[in-house]
Amino acid sequence: MNLATPRTGGMLALAAVIAILPLLLPNSFYYDIVILIGINAIVCIGLNLLIGYTGQISLGHAGFFGIGAYFSGILGANYGWPAFASMLAGAAFVAAVSFIIARPIMKLKGHYLAMGTLGMGIIISIVLTQEGDLTGGPDGMPVPPFSVFGFSLYGEKTWYWVVGVSLLITVWLALNLVDSPVGRALRSVHGSEVAAETLGVNVPHYKVQVFVTSAVIASFAGSLFAHYAGFITPDEAGFVHSIELVTMVVLGGMASTFGAVVGAAILTVLPQLLTVFHDYEMLVFGTILIGTMIFMRRGLVPTIAALFGERKE
Amino acid sequence: MSLLRLENLSRSFGGIDAVDNLSFAVEPGPIHSIIGPNGAGKTTLFNLITGLYKPSSGKIFFNESDITGKHPWQLAGLGLARTFQNLQIFFNMSAVENVMVGMHLKSDTRFHASLLRFKSIVTGDRLNRERAAELLNFVDLGDYVGSETSSMPYGALKRLEIARALAADPSVLLLDEPAAGLNPAETESVDSLIQKVAANSVTVILVEHDMRLVMGVSDHIFVLEGGRLLAEGKAYDIRHNPDVVAAYLGESGRVR
Amino acid sequence: MLLGIKELDCHYGRIQALHGIDMAVDEGELVALVGANGAGKTTLLRTISGIEPASGGSITLDGHDITHYSSDKRVRLGIIQVPEGRQMFAPMTVEDNLMIGGYTRSGDERSETLEQVFAMFPVLKERRHNAAGTLSGGQQQMLAISRALMARPRLLLLDEPSMGLSPLLVDEVFATIQKLRDAGTTIFLVEQNAYMALAIADRGYVMEAGAIVLADSGERLIVNDRVKEAYLGL
Amino acid sequence: MFAEFLQFLFSGITVGAIYALVGLGFTIIYNASHIINFAQGEFVMLGAMSAVFFVSVGMPMPVAMLLAIIITIFIGLALVKLAIEPARNASIVTLIIITIGASIFLRGAAQVLWGRNFHSLAPISGNDPIMIGGAAVLPQSLWILGSAMLIVMALRYFFDRTLIGKAIVASAHNPLAARLAGINARFVLLLSFGLSAMLGAVAGFLIAPISLAYPSVGIMLGLKGFCAAVLGGLGNPMGAVLGGLIVGISEAMTAGYISSAYKDAVAFIIILGVLFFRPSGLFGIRGTERV
Amino acid sequence: MKQGFIRHFTTVAAVMALGLGASVSGAKAAETIKIGSFLAVTGGASFLGDPEKKTLEMYVEKINAEGGVLGRKLELIIYDSQGSPKKAVPFAKRLISDDKVDVLLAGSTSGATMAVIPIVEAAGIPYISFGGAGVIVNPVKKWVFKTPHTDTLAVRKIFNDMKKNGLTKVGLLSGSGGFDKSCRKQTLALAGPSGMTMVADETHGKGDTDMTPQITKIKNTPGIQAFMYCGFGAATSIVAKNFKQLGVSVPHYQTHGSASMSFIKNAEGGAEGVRLPAAALIVVDALPDSHPQKKVASAYRDMYTSKSGDSVSTFGGHAYDGLMIVVEAIKRAGSTNKEAVRAEIEKTRNYIGADGIYNMSPKDHLGLDEESFVMVEVRNGTWKMLK
């Protein structure tokens, strides 16, 4: 294995950070933030496959996150399913739903695609809010802890490793995918749909594939979140959360897997730092979003990587 | 047996016929050109042949099998490849990756294999990368193998598109204005590249405005005007065909 | 000299579309620019109109440098282009199209010019309340020219006015152009139909690969084989 | 029961008129620039909040409304100067994200200035309902309907009869030809944002007595206005008005006859249906973007 | 790419370290007794969180001025959850593990309370909630207590009043928040046993601003004798307003969730005639001097109105009772040992508060009964006690 390539190097760096970070975290509150960073990062890596690599926007991905979370919640709390089973059931359901919806929705372009995905996400969150008998309604529902072979996962320290390893696996899978014939096909769709088609890339097929993939990843992350947090609300599936996810991807850097991680980290930590001035939280968020789009259209990591690249030459 | 045959092909946009009941056959042979004044329907014709547009009526045959209405990606598998008048480079990928996309149909595109990075992906990509580098050398872009496309000059990108199209191992290569925007020296080297491609038993169909290039390189020329076939033949005949001259320059006798 | 162009360069994305163009149009002249497709004729017109920014060289009007003026400022100065493909405001009425043409002029000037235009093209007056998109190709070309006249051009730039028209209509368009010239309008005509354009032009320029390769009087160019070469690569 | 139906119809038309105004705002900006302004809902919020603010500092209602309009227009213009123009030539995705950023920013600014709490605004002429066919109609609903009709008529006059209005329409139909006629594209952009901001502000202080005013009041109103605009065929002003009414009435009927639970989903279900089966909208004249 | 990534992670780490430093400097003086709270200070439920926050602040100040508890000062840490359960969860975690509070007095809404219960139970920290719904303490959870009257008590009180007036056919409208749903459930469950018939059962969504369709339907229900609304917040005023606008003539009942002046004010006249059960606190002047709560309630009322300048609401009373119960329990426990404090809270007997007289037990983590309510009606823009 060549350590010098960005993929292995980046993976090792991320693994090292995950391994060392516990030494720096004073108490479970900080673990909590890092765990949330990890969960957000997982969703963003998936979403980045869709937005950053394939060039298709989604303003509704929190909906899939929410479905995953609620499958774990509902099947676990109301029907006593084992956590793994409800997680897989959620993912399977999301796969089916996103597959059905992907064909018509991925035919849309530009504003129409934005509108379509937005509507899809909002409908999901409304269903979660309104089916109160199943979901607990707008105030949410508790979720039983994650248990494997009779051991329940409790506590931030345990979850830290669960999420850390999940994140590493997701990064690995995403890096694999991007640097493969399938990944190049996806990127070619972003680069030029017509050229991709004439080179044999079945564009609709790949759009559906990446949409479903990112949805399933979001669903898994949603399940993780549900079991970790122990309580979920329809806000997880809401429009605002969808926008937060897109912001993370855009800020960290479109078409950069590590960018998605960095974006998730910054935008998860930021509200915590701003608690004291939390009135200004949205002001800062909005400014970051606009500023990034105007001054660093490619996002943080690619822009900085490009700076390094230039300096080296 | 003709390689490519159009039968009463028409395509209209908003009531205007861009291609109008067009029939002709391309016999196997190295270099064919399609010329005609602006708006003659050349690019529309390319888009019809490569499946980007569906014809309003008529049929297209490739190797005598009906390919009308097939998707572009299906046609790519049959051996049709093309370049574009306006660059359609994947600017989000490096030069060598652009060419590797051209090998899409011959690669292992199983999703789970890609996700888990099976051995077939690793070895397949290594071979593809080597082959892509060869192709870049073939189109004289050896220096750009590791380059990001965003930093490459225009002329190089035009060649990159050709390399990418060749990566699909086509039997027919359709070139849409390969010399557009190039200076005379660059045009000349595109000229020799086309001949080199043709010498590798790829049939080239060329749409081009640079008449010097067309006349010099073509074995057979089709002239379109208003979506219809105006004339066809060898370069010399075309150049001295009064209809063609009138189509291009107007009728000199009419006004005075 | 009304329009003066010196060493004008223009980059179109990654392509350098114009290479050091030098040319001029005098007051009252009809100058034709001919050349094959893709030679850069339309880009030159767009650069003169301020749609494409020049990347080098200069454009002057009456000796004033207007190279960096915005397109609307140039329209106010009287540089009016009739774009290729007519570019109607298709769902709007004929009259509205004309009014928009006179956007930069005062209300009085607009109504005055409107009367003149209607006098010149009675068919437009007849169909003044019809949507522009419902006119025939030839009528649309008339409307496109009339719309430009509404702005009271000092320099009229015509881009391929004959494109897509039947021979009969082409004759009509060319007759109109001659009429405008005779009425004193300065015209810079870009045409693929080289022989017809050169036949009515005082002077002509031949363009090839983004550069002017030949400049002469219309009469002399029409018999110059170099023109044919520019088109057919002889 | 007819009175019941009428009651639902009136409440649907009232809120539908607001959606129509918001949808018109989207349409005007879209026509001038092909930008979907996701901050359109925040114009509504600004209109409502600033009217509440000016009334609370003791200004008479008409003055407060006028000031609310002026402030919102000013912010609309600032949005163009600070966020849209610097990002010229950006992709659709980029512009979507910029306007979303602007909407978050404006919501945040409103929170800092006025707090997160709900505020009520007194209705223009009282709360005593007028009974029509057994259904109660609020005077405010009549104000909303009347104002919306007036605005739509004024806009029609502006776009059909005035040269500047025609210039905006022309820029929408053919931007190149409009530039060649000497129409300044940046001016058109500013004008369209100003107009849309004004529409939003009016919608805002009209709906505030019914919906209350708070910083996030614009989110749903904005999204549903967007639905109205897409439903009517993006870029078609009268389509947006019809779209708004359709969304409003369907919502009220759903709430009345089916279940209020899915009232908010109605707009989005309609819009998904339209996008999937008729992507150019119900009254769209233009087809989808060509390759 | 690699360098860019590492560099960026360093930045993020630095940013986090900064946050860490800030909080370490915030954690000082181990001597204080830390009371943690997250309240809906702003947002749609601010009419709850705002008086709760003010009450906690003014009484903590008062207690500290009088020498504190067990010789230690009280330290209050309040976060604004904006009424959102989603936001409450991280604040609860932060209070417990970062701020290391001794006791939680928090949660303006039932939703926010329910969201943090698993965390509180896992962490083992005494927690008194200001949420209204009965489910908070029913079934009993070891560490969770609450001070506000439950929906169950309110529904009983309302049904009693209806029966007294010969009303048995009731049309119900409810919201979809935690309290609203719990109230609806209790209403439907208690209707049969109480001899009531629910002839209509409509709901509206969270954040809805027009309830005309639902009320129209209820109005047109045949045989309806009374209207009842389960919900709280801005919706209460809208319902009252719409009810009046539609000209509905049957008696109108709401719950103690509407017992604040903002309900009357925002309903703009619509509240006239609305009946609801409320704590004696809001009609304190009408209480006979013999009423056991009169002294406590009027003292709190005077303190609150003079210090904050606002009119008193029952919601601030919940916070007052919560704080006092905790203070008493800590005094009795003689330490801030969590288990000891919890046990002492559970032993609260005959505590006379603003909301009523509390008698807690291992089976009852609320300790109030129906008697702690009085029925009031809105007349001339203020509360009027009903006999």
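A, B, C, D and E label the chains in the order they appear, each numbered from 1.
The rule we apply is simple: a residue touches a chain if its C-beta (ideal position, glycine included) is under 8 Å from a C-beta of that chain, and two chains touch if they have at least 3 such contacts.
Every value quoted in this text rests on a predicted model; they were computed, and no experiment measured them.
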Chain at maximum distance from chain E, centres defined as averaged CA atoms: C
Most distant chain from chain D by Cα centroid: B
When the contacting C-beta pairs are counted for A-D and for C-D, which pair yields the higher total? A-D
How far is the middle of chain D from the middle of chain E, if each middle is the mean of its Cα atoms, in Å? 37
Whole-Å distance, chain C centre to chain E centre, using C-alpha means? 76
Chain A and chain C: spacing of chain centres that average the CA atoms, whole Å: 54
Identify all positions of chain E at which a residue touches two or more other chains, and write them in rising order. 176, 205
Specify, in ascending order, the residues of chain B that touch 2 or more different other chains. 52
The positions of chain D in contact with two or more other chains are 261, 264, 291
Show me the residue ranges of chain E that touch chain A in the complex, using the header's touch definition. 1-9, 12-13, 15-20, 22, 24, 79-80, 84-86, 89-90, 93-94, 97-98, 109-112, 114-119, 122, 176-178, 181, 205-206
In the complex, chain A residues that touch chain D: 51, 55, 57, 59, 104-105, 107-112, 114-116, 118-120, 122-123, 126-127, 130, 193-194, 239-240, 243, 246-247, 250, 279-290, 293-294, 297
Which residues of chain B touch chain C once you look at their complex with the stated criterion? 37-39, 87, 153-154, 157, 177, 180-181, 183-184, 209-216, 239, 244-245, 248-252, 254-256
Listed in rising order, the residues of chain C that touch chain B in the complex are 12-17, 36-38, 160, 163-164, 167, 171, 174, 191-197, 199-200, 209, 222, 227-228, 231-234
Quick check on the complex: what are the chain D residues that touch chain C? 163, 166-167, 169-170, 173-174, 176-184, 285
